[in-house]
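The structures considered in this document are given below.
Below, subunit A partners subunit B and then partners subunit C, in two separate complexes.
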Partner chain A sequence: MNIKKNWWKAITCVLLFYTVIEGFLGAVPARDILNETIRNLYFHVPMWFGMMTLLFISVIYGIKHLHNGAMRSDLIAREAAHTGVIMGVLGLITGSLWARYTWGTWWTQDTKLNGAAITMLIYFAYFILRGSVEDEQKRARLSAVYSIFAFVMMIVFVMILPRMEDSLHPGNGGNPAFSKYDLDSKMRLVFYPAVLGWVLLGVWIMSVRIRIASISEALLNHSDTHPTS
Partner chain B sequence: MLKEVRLLLYKEFLLESRQKQSINGLILYLISTIFVCKMCFRSLPEPSAWNALFWIILLFASINASSKSFMQDSRARFVYMYTMASPQAIILAKISYNTILLIVLSLIGFVVYIILLGGNPIQNMPLFLTDVLLGSMGFSAVLTSMSAIAARTNNSFTLMAILSFPLLLPLIMTVVKISKNAIDGLDPSISYKYLVVLFGLNLISGALSYLLFPYLWKD
Partner chain C sequence: MKRIFTPAFLLLTAQSFAQDIKPEMADSFRSSGKIYVVVCVAAIVLTGLLVYLITIDRKVSKLERDLKSLDKTSN
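Coming up: the complex of A and B.
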């Protein structure tokens, strides 16, 4: 273990242990309807932060690929998108569970929820696009173009449309976000570390996936050049 | 640049006029879809359902119409064209051509839809037509790029739809909102902010197509 390179992984572990322990055992403000479900703030919201960070990394590497044509950038873009989608699915599940106990339904017609669903649709389409092109260079270029196009449209959708319509989601349409409940800022002490912890965990998973992918690619090339081994 | 675009646009129209079966096919597709809806629904007294169905029919017709914008060109013609013109001119010409095509299709669709599905519920016609015009522009900007991507794969018809649907959703939600306001005859001032959003979406998707297309066509 190289301390200089891996210190952030130790920080990730500490932050996540802190989040889980404080998040489940710590005191939270008691509020009508929300009750204990307010603890979802430490899990659901940071997962979306993690997803957005990873998808942003994916787009940046997509742009990088278009700029320099390196296959390494495409590999990073792909694995970042994969990890981002995993985070997104987790965010969707935690959100749905929360909605079941506060709104009384797993899913409802709401701009914030639709934004999340569209993000998932876009990235599933992205993977199907990747699967439909055989030539490596072409696949990398087409999917980079699509992910840039899609990311911009997604940001527009998630940012602009909810402001045009009312939403049930906390922080929209007159529904208070956590800042209103958190008068003594105690929740912030858990929330901010939780965001950092989940984002770092996402980056960690991504970096492991990138290593696995580049090793298996190297193995594949090796067995091509040495068919007997 | 402008001259190039004009020439390419002229080429598109020339091709279209020589292969009339393709545009006639699109019109027939549209009319058949509306007729199927007519047979299934019988009548649609509810204005919001009337509105939603109209735009869903147009959505499918538009995807069908734009998907061929890069698939019909043969390999040799592709290469020839790209040595002659700049990619920016090509994408601008294709988008303008698709915009005109979609406007024509939506107007035909609108007339047939009114005739078959009982009456015209729209109270604010100018707003509705502006909506159709801006909507067609936005659809064509997104769909032309997606067709450029899909044409390069070996799964192009499915991909064309699944790539475009999520990207068209912001557009279609805004468009449906405006046309609902036009049907209800609400005060136009309510719709201005949606028109601005629609215009902004068109601008963004047009700019993205313009910037990203050069990366799509080089092999």
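Coming up: the complex of A and C.
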């Protein structure tokens, strides 16, 4: 592997190993109900940071496509959204499991939880939209416009609405935020590297997906221009 | 590693005994040393997944090189 190009992948590995080892062995504040599950902060929360980073990349490349019409921007937007949704689904599943053992239920009618679920549905619709348009240029333009809407809705449902109402989920409404635990300097030492590590892992997977998609695009073009070979 | 960590965590538990009511943490689990098994398992899983991802990454690099040489020969 080329060190100059791939140094950040090595950093990803180091950060994730640090997360897994310190995440279990490091000191955490003792809290009722949460108990040791407070360590989920190193695994569940970074999934959402990863999702948001990837969906942000997706909408940026969507806008870029609208600006320059390049099919490559559309390809990047698609693969970024795909990886982002995967991380979001992992966030939903881990959050649900965590809720089962702290709130006593897999799911509650909570603004934060439903907002996150609706966000996922909005992005599922993004892929359904893509799959239903035959024409390449039209598909790219339509999905870019839709992804701007989807991204704004994600911000509204995940970041704004939950903060306007009471919620069980930390960091919202009248509920004490996780900043109380984040303020624990020992947890911060693991939490921030964990977020960076998981976000980088998402970007890494996205980059591999983009490269695979580019190769298959190139092969398609190749067989179009050289039908016999 | 066990020799260093076990007394360290015993110290930690001793400190938390000083409080009247303490939330239940996995102190006995940790002092018995078995938490390292979990850390090892998680580390192995992570190693496996990262090695897999690196292998895929390399395979894609090879495909990119193959594609380049294909373009050269056909043009």
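Brief remarks on what is shown
Please note the rule applied: the second predicted complex is superposed on the first by the 220 of 229 C-alpha atoms of A that agree within 3 Å, B and C clash if a C-alpha of one lies under 4 Å from a C-alpha of the other, contacts with A are read in each partner's own complex, and residues count from 1 in each chain.
Throughout what follows, contacts are C-beta pairs under 8 Å (C-beta built on N, C-alpha and C of every residue); 3 or more make two chains touch, one makes a residue touch a chain.
Just so it is clear, the model here is predicted, and its values are computed rather than measured.
Following the overlay on subunit A, a side-by-side fit with no clash is recorded for the pair subunit B and subunit C.
In the superposition on chain A, A:Leu121 makes contact with subunit B only, while subunit C stays out of contact range.
Vertex at the C-alpha centre of subunit A, arms toward the centres of subunit B and subunit C: the angle is 160 degrees, rounded to a multiple of 10. Using the contact criterion defined above for the overlaid structures, shared-chain residue A:Leu129 touches subunit B, although it does not reach subunit C. When both complexes are overlaid on chain A, the residue A:His226 reaches subunit C alone and has no touch with subunit B.
Of the two partner chains, subunit C is the only one that A:Ile212 touches; subunit B does not reach it. In the superposition on chain A, contact of A:Ile148 is made with subunit B only, not with subunit C. Of the two partner chains, subunit B is the only one that A:Phe157 touches; subunit C does not reach it. With chain A fitted onto itself, subunit B and subunit C come no nearer than 32 Å, counting C-alpha atoms only.
Overlap of the subunit B and subunit C interfaces on subunit A: none, as no residue is touched by both. Only residues 66, 114, 118, 121-122, 124-125, 128-129, 132-134, 138, 141-142, 144-146, 148-150, 152-153, 156-157, 160-161, 164 of subunit A touch subunit B when the two sit together in their complex. Subunit C contributes residues 5, 12, 16, 22-26, 35, 38-39, 42-43, 46, 50, 53-54, 56-58, 60-61, 63-64, 67, 70-71, 74 to its touches with subunit A in the complex. Partner subunit C is touched in their complex by these residues of subunit A: 1, 9, 13, 16-17, 20-21, 24-25, 27, 30-36, 204-205, 208, 211-212, 215, 218-219, 222, 226, 229.
Contact residues on subunit B toward subunit A in their complex (touch as defined above): 142, 145, 149, 152-155, 158-159, 162-163, 165-167, 169-170, 173-174, 177, 193-194, 197, 201, 204-205, 208-209, 212, 215-216, 219.
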